[in-house]
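Below you'll find a set of structures to go through.
First chain A sits with chain B, and in the next complex the same chain sits with chain C.
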Partner chain A sequence: MLRQTWWKILCVLLLAYTVIAGFLGTVPAKPIVNETIRNLYFHVAMWMAMMVFLSVSVVYAILYLRKPSHVYDIYSLEYAKVGIVFGTLGIITGSEWAGFTWGAFWSNDPKQLGAVIAMLIYYAYLVFRNGIPDIDKRARLGAVYNIFAFAMLFPTIWILPRMVESLHPGGMGGNPAFNDLDPRMALVWVAGAIPGWTLLGIWIATLRIRLALVEEKKYSNRP
Partner chain B sequence: MNILNLLKKDLLLEVRQQYTFYGILLYVTATIFVLYLSMGQPEGPVWKGLFWMIQLFICVNAVAKSFLQEGRGRLLYFYSIAGARDFILAKLVFNALLMILMSGVSLVLFLFMLGDPMGHEGYFVLITCLGGVSLSLVFTFLSALAARAQQGAALMAILGFPLVIPQLMLLNRISTIAFEDVLQGGLGWMLGIMAGLDVLLVVLAIILFPFLWKD
Partner chain C sequence: MYTKFRKLLILFFCWVLALPVMAQADTTQKVEMADGLRANGKIYVVVLVLVTILAGVMFYVIRLDRKIGKLEKELK
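== the complex of A and B ==
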């Protein structure tokens, strides 16, 4: 999987499709949202990709605790980093969207707050890891914190915002979700944007993992 | 049985040294007095916000030393006689009790100095206990992490503050129960989520602590 090229080509094609169809395709003219609905291909898809990466990261953290191997730790760390990058991009694109539809780039919406908290928790993960000099201990404590953080992340972005009034779809009394999503948009979103961004993240992560593996080989005494 | 013995040991140590108790008591009193001097007697929402922030800092200070005070040799000794799960459970229970006590003290001081903007004090006492226990669960686990990383309480604060924001937000919302006669929906649910989160934290601590322990 790491060294095969077909999914990288697929990733480029899907993202090209997302960008071209996303900016040129027809969208329904809904009140308030209007053309900004195109952000669905970027903002929402990036959040979904982030959840995938953070989930992969926590799976590797569990694997590390079951069988300590540095390869698992490298996987876990790099997927968490990519997840953080996508989460940060998700906040930026979301804030931009909010600026043109809700009237302010930041309005302390519960989901915005949840997103920031989630990012802070994961920034703390990186800070925490950097503070531990011993490699084995860093990997083990990092894995433990990763699992703990994921368990706190879940209520923060999936449960809490749904229980209070939110401008986001899905909250109580907020705007309606995209239940009536236009089928042409759904095609671009489901077939293009979500897998496209996810594959891009996996690509970035695998490149970094390979680099980290090479570096580890260079510094270890093993032949 | 081991849990009870370990708990008894922590309680005995606390009663004999009385370091944490009076230290935190002084901390609580001084902080709330400073608040009183600078804020006077604030309105309900401000009162609520201040109360939970003070709880957070009390918790960091009260719970921080629970693992940092145990030396390496002593940890090894406990490991050989009791095992990791009993040890973390005993710590969780002890810190929860300590936090309930400290939250109670700070609630009394708050009512005394910052006034009483509430309508239903009884509910708030229960919410305070729940909040104290929840915060102590998070920080007990983080204290274990920080102790294993051989870092001081500063690391605990760095790791802990982002992690407890959801809890503090929930507690702040739940507290409205005690302040208003007419309640918005969903608060009962939030209470449920809070309790669920606590259970999750205990389970996670029990599962993950053995991995922290072994070296």
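== the complex of A and C ==
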């Protein structure tokens, strides 16, 4: 998987499809959101991809705790990093979208706040790791923290925003725009945007993993 | 095990391809969309710009991939 080519070609094709069909495809005409409904393929896809990366990260964290191998730690860290990048882009793009549809770039919406809390927990993961000089201890404590951070993702971005009134879809009252996804959009969404952006993130993560492995080899080869 | 997975994959793509069939006629009130933009052909400019950006980013990532590949070979 790490060094194969086929899925990278697939990634390029899916993203090209997402961008082209995402703008030229027909979308339902809805008040307020108008054409910005197309942001589903970009803004929401960031979050979907982030969930995949952070899930992979926590799996490697658990694997590390079961069998402490430095390679697992590298995988866990790099997938967490790419997840953080996508999540941060998700917050920024969401704020931009909100600025032109909800009327304010930031309106302390429960999901906005939840996403910020989740991201802060993950930023703290990186800071926490770097504060531990011993590499084995860093990897072990990092893996434990990773599991707690992942456990906090669900209440902060999936559960709590849905239990209160939210401008985001899924909350009580609020936004009815996406309660039923238009089937024409579903095709681009399921077959293009989600796998496309996810594969791009995996690509970037594997590049960083390979670089980390090369670096490690360089140091271990040193006389 | 493998054939089962493949069957599921084919089933999934059949479902994905069938999604547009479920599209129903829009009966909602007239909402202003960027139809004029599309009629003037200007949406294609946006598509062009995004495809260019995507191509640039992809080119960059592929270059990076090659460079790391070379580095790996040197260390082997």
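The rule we apply is simple: the second predicted complex is superposed on the first by the 218 of 223 C-alpha atoms of A that agree within 3 Å, B and C clash if a C-alpha of one lies under 4 Å from a C-alpha of the other, contacts with A are read in each partner's own complex, and residues count from 1 in each chain.
Going forward, contacts are C-beta pairs under 8 Å (C-beta built on N, C-alpha and C of every residue); 3 or more make two chains touch, one makes a residue touch a chain.
The structure presented is a predicted model; accordingly, all values stated were derived computationally and were not measured.
With chain A as the common reference, chain B sits beside chain C without any clash.
In the superposition on chain A, contact of A:Asp182 is made with chain C only, not with chain B.
When the two complexes are overlaid on their common chain A, residue A:Leu113 makes contact with chain B while staying clear of chain C. Using the contact criterion defined above for the overlaid structures, shared-chain residue A:Ile20 touches chain C, although it does not reach chain B.
In the superposition on chain A, A:Ala212 contacts neither chain B nor chain C. In the superposed pair of complexes, A:Leu126 makes contact with neither chain B nor chain C. Least inter-chain distance for chain B and chain C in the combined superposition, rounded to the nearest angstrom, is 32, based on C-alpha atoms. Of all the residues in chain C, the ones that touch chain A in their complex are 13, 16-17, 19-24, 26, 28, 30-34, 43-44, 46-47, 50-51, 54, 58, 61-62, 64-65, 68-69, 71-72, 75. Interface residues of chain B facing chain A in the complex, by the touch rule stated above, are 141, 145, 148-151, 155, 158-159, 161-163, 165-166, 169-170, 173, 186, 189-190, 193, 197, 200-201, 204, 208, 211-212, 215.
Residues of chain A touching chain C in their complex: 3, 8, 12, 15-16, 19-20, 23-24, 27-31, 34-35, 182-184, 186-187, 190-191, 200, 203-204, 207, 210-211, 214, 217-218, 221.
Contact residues of chain A toward chain B in the complex are 65, 113-114, 117, 120-121, 123-124, 127-128, 131-132, 137, 140-141, 143-145, 147-149, 151-152, 155-156, 159-160, 163-164, 172.
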